[in-house]
Amino acid sequence: MQSNKTSSGRFFEHFTLNEVINHATPRTITAGDVALYIALTGSRNPLHCSEPFAQSVGYQSAPIDDLLTFHIAFGKTVPDISVNAVANLGYADVRFLQPVSVGDTLSTSSQVIGLKQNSNGKNGVVYVRSTSVNQHNQPVLSWVRWVMVHKNDANAPAPETTIPELPAFVAADQLSIPAYLTTGNFDQQATGGQFYWEDYQTGERINHAAGLTINQSDHSLATRLYQNNARLHFDAHLMQSSTFGKRLVYGGIVISACRALSYEGLENAISIAAINAGTHANPSFAGDTIYTFTEVLDRWELPNRNDLGALRLRMVGIKNMNPADLAETKQFNSYHPNVVLDLDYTVLMPRKGNK
Amino acid sequence: MQSNKTSSGRFFEHFTLNEVINHATPRTITAGDVALYIALTGSRNPLHCSEPFAQSVGYQSAPIDDLLTFHIAFGKTVPDISVNAVANLGYADVRFLQPVSVGDTLSTSSQVIGLKQNSNGKNGVVYVRSTSVNQHNQPVLSWVRWVMVHKNDANAPAPETTIPELPAFVAADQLSIPAYLTTGNFDQQATGGQFYWEDYQTGERINHAAGLTINQSDHSLATRLYQNNARLHFDAHLMQSSTFGKRLVYGGIVISACRALSYEGLENAISIAAINAGTHANPSFAGDTIYTFTEVLDRWELPNRNDLGALRLRMVGIKNMNPADLAETKQFNSYHPNVVLDLDYTVLMPRKGNK
Amino acid sequence: MQSNKTSSGRFFEHFTLNEVINHATPRTITAGDVALYIALTGSRNPLHCSEPFAQSVGYQSAPIDDLLTFHIAFGKTVPDISVNAVANLGYADVRFLQPVSVGDTLSTSSQVIGLKQNSNGKNGVVYVRSTSVNQHNQPVLSWVRWVMVHKNDANAPAPETTIPELPAFVAADQLSIPAYLTTGNFDQQATGGQFYWEDYQTGERINHAAGLTINQSDHSLATRLYQNNARLHFDAHLMQSSTFGKRLVYGGIVISACRALSYEGLENAISIAAINAGTHANPSFAGDTIYTFTEVLDRWELPNRNDLGALRLRMVGIKNMNPADLAETKQFNSYHPNVVLDLDYTVLMPRKGNK
């Protein structure tokens, strides 16, 4: 008997401007998630793995890695937003609004803030602002992404084109900084880093030495942990007949790998306050070795905080090639084939003088 | 100096009718187990990953996935029961008696309830009923399985043949349903499912779209987490000289994969109440992509519960082939070579009308 | 703009006798670490996975596996000590001073206790004593290791040669045994072992039957969990141009595999009190299947404890070869090519007579 119980998911014509979609599977963060995140990335930031260190800078308990929050929240949007996506086109205005700790439960919803059918009539771009709230209904993360989504019915009428205005970056006075965050007891022995906010110069480029090879199970475990069910990461049988002939690595894996690899040189970057923009320039596959370099885009003072500053950074992920060997990330306006990530983000860092 | 400290384990002639075997390694469930189970399966059932959702349906704390309980309990029986098994022949009368949460400790024992030497004189079938109890000595899981076990001494006398009577299924009035389970606040936004008990029809077949490729590390990690030490899953050197030339995937991995893959279409199935019967129709190996379809076998009302019903389901696991392409699971009484699992189980689901 | 933010790490000429190096990233142990350790090794010792069992032998809460403590503490020393190592030459005087449980935070430091430049002038041997303390500043682990480290500047002057005196083994009266450890309720059903201290004979060799194939993700996950950032374990791109052409497995993975594999035959070995000496005889790679045998080197009574004894054991790790097939671990003073580990360590075990 034919069943009506499965759905092929939303196609472009199913999205309506301004509608709000509540995503399934609220998720309580556990100590197991934190340990797995370390095992998957090798992250060494003491804020996320040392309770005494977290307490020394004012937290009641260690917050989880900002990117773990991002991936778990993001994963919940996939079944409703991007299950029929042709491509994830970009991120903007990603704001980390409040720290998340073990025991917190995240619930996520998305609002459609833009629609534009492509001229081929076969697909279109959907813009959503997603928000994840904790069990107290406080927003912890808000972000915009836009994806190209297939039409199921080519004859479905095109919606009115609406393209949201998005900020080029989250301005310094828009960053959410916990009032309790204090740097008076900041212990650089715990981070292993000797450089503070003042030590970074706009234009400075840090070629991080370490590389990380992505194994097949690594990325599968991570993506499943995030309950991100995009088929192209899990289903080798399906992907045999795709352009690439094999599974793709979830782009968030690359972001986390680059962030962990860039620890050396950015040890005192306490947390991520915002992601301003992001592009997955080329796909990654199991077996690729990821490297990264960081470029300092800007250095901002923060309102009412003379102990803490912000650094706007560009983190470029490169596969199978040392960052020192890559002079230009783009050639004729298109990315070098080994560039896999171009992310513009903002971190908080203690100031040497006033902490 | 020759050591007497290792044992080659029990062979067929070492089992005695009615004897009780207490298995080693009591196991306390942790938040780490729960996170790993999500990472290994991609399970999205909010009952197991959201404390607020679990509380909204009456649980004091989120219960772990029923299959995680099963695998951990099952694993403890392997060193004593099936280390010299030729094959796991089947399961029956698997009853989930009480939810298990983080902090509970499971201890498992088995009673031999049947013995039958095969006519070749080289092996025989052992039937055991295994029971796992929590730290309060309350049974949480009880199941029967039968395995074909090698004889070590072909001249050992055959035991009297005893074949236990096993129920074809666990009847509705035998299902254990927590008295505190309540569906009044059941939130279908949390599950993402719109279908309730009344919406399912006997004979209905749901072809679940998602597939999951089993990586080598995935199944190794899972089987070790369950402390199941069956050599054929871990020892590639040993398995080179086996019929298959490589490691086999623990059958429980396939059960969990199918259960997670069948989430879409069964979102409101709160928990598993029983496994009525199960067969691993063909072996699986790393690299296989698992798909599944579900057939609704029956729909039962439950005594004293008009807010909740039971669905008896058949979950068929298929490798490297879309379920929609498989019309018949058997040909001439033997399984299609791509069918890897045929499981008859019972879930609890809220009733639309009375919840 | 050239950045000064990354460092190529310490070379031989950067170590000074007696200097103390405080390592970054204090680490709070979580339930996630414990679950991952089981998933990575298959360990079945109930002391580490059953709260009731741990309490039955006097612990307030289950201690983590001694080797998990070792790997996490060891990992912290890598960025400062061995990032430019040619080879890890050995361990000695490894003392497990106090049990570690979930919630404890480990901080690690090292003192340089010996230096010897090699006659080639290109590298030298650095001896360090490392100590890990918990959040109460109580030492939980202390160990000596020596590594051969590259010189960066071949013209840097050689330091005065100092070679520390190291004990051949940690003597019985030097072992740290928790005063609260009690064996009166020791439950051999929980361990599955029937042999006690008195049952082991000096010279006895136990060939453990089980083997464990190391998958690529397994060892990567473990090494990252320990926050050990030695590049040769993670960076396949880099290692393509190495002697071996591929990534090496962190030696600690092999130690843990052997310890878990040797459970059968040593079930009642409660905990590790010391590692007396250790050598990684040959490298291991993903795909290798690890086997092990144990030789009883000595059997010691313990001062003031007639319920507990110590066994000094030799644990030999072998790859891709059954232990029963290896008569001699060395030929002409060099290790058989399949021998990967030769570890001399001491365990505590209840005495049959007096427990």
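Lettered A, B and C in written order, each chain numbered from 1.
Everything below uses one rule, namely that a residue touches a chain if its C-beta (ideal position, glycine included) is under 8 Å from a C-beta of that chain, and two chains touch if they have at least 3 such contacts.
Just so it is clear, the model here is predicted, and its values are computed rather than measured.
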_By that same contact rule, can you tell me which chains touch chain B and chain C alike?_
A
*Give a one-word verdict, same or different, on whether chain A and chain C use largely identical residue numbers at their interface, taking over half shared as same.*
different
*CA centre of chain A versus CA centre of chain C: separation in Å?*
36
*Could you list which residues of chain A touch at least two other chains?*
30-33, 35-36, 215-217, 221
*What residues on chain A touch chain C, complex-wise?*
30-36, 38-46, 49-53, 62, 189-193, 195, 199-201, 203-213, 215-218, 221, 264-267, 287, 289, 291, 320-321
*Would you pull the chain A residues touching chain B in the complex into a rising list?*
1-3, 5-8, 22-28, 30-33, 35-36, 79, 103, 105, 135, 215-217, 220-225, 227, 229, 231, 234-238, 247
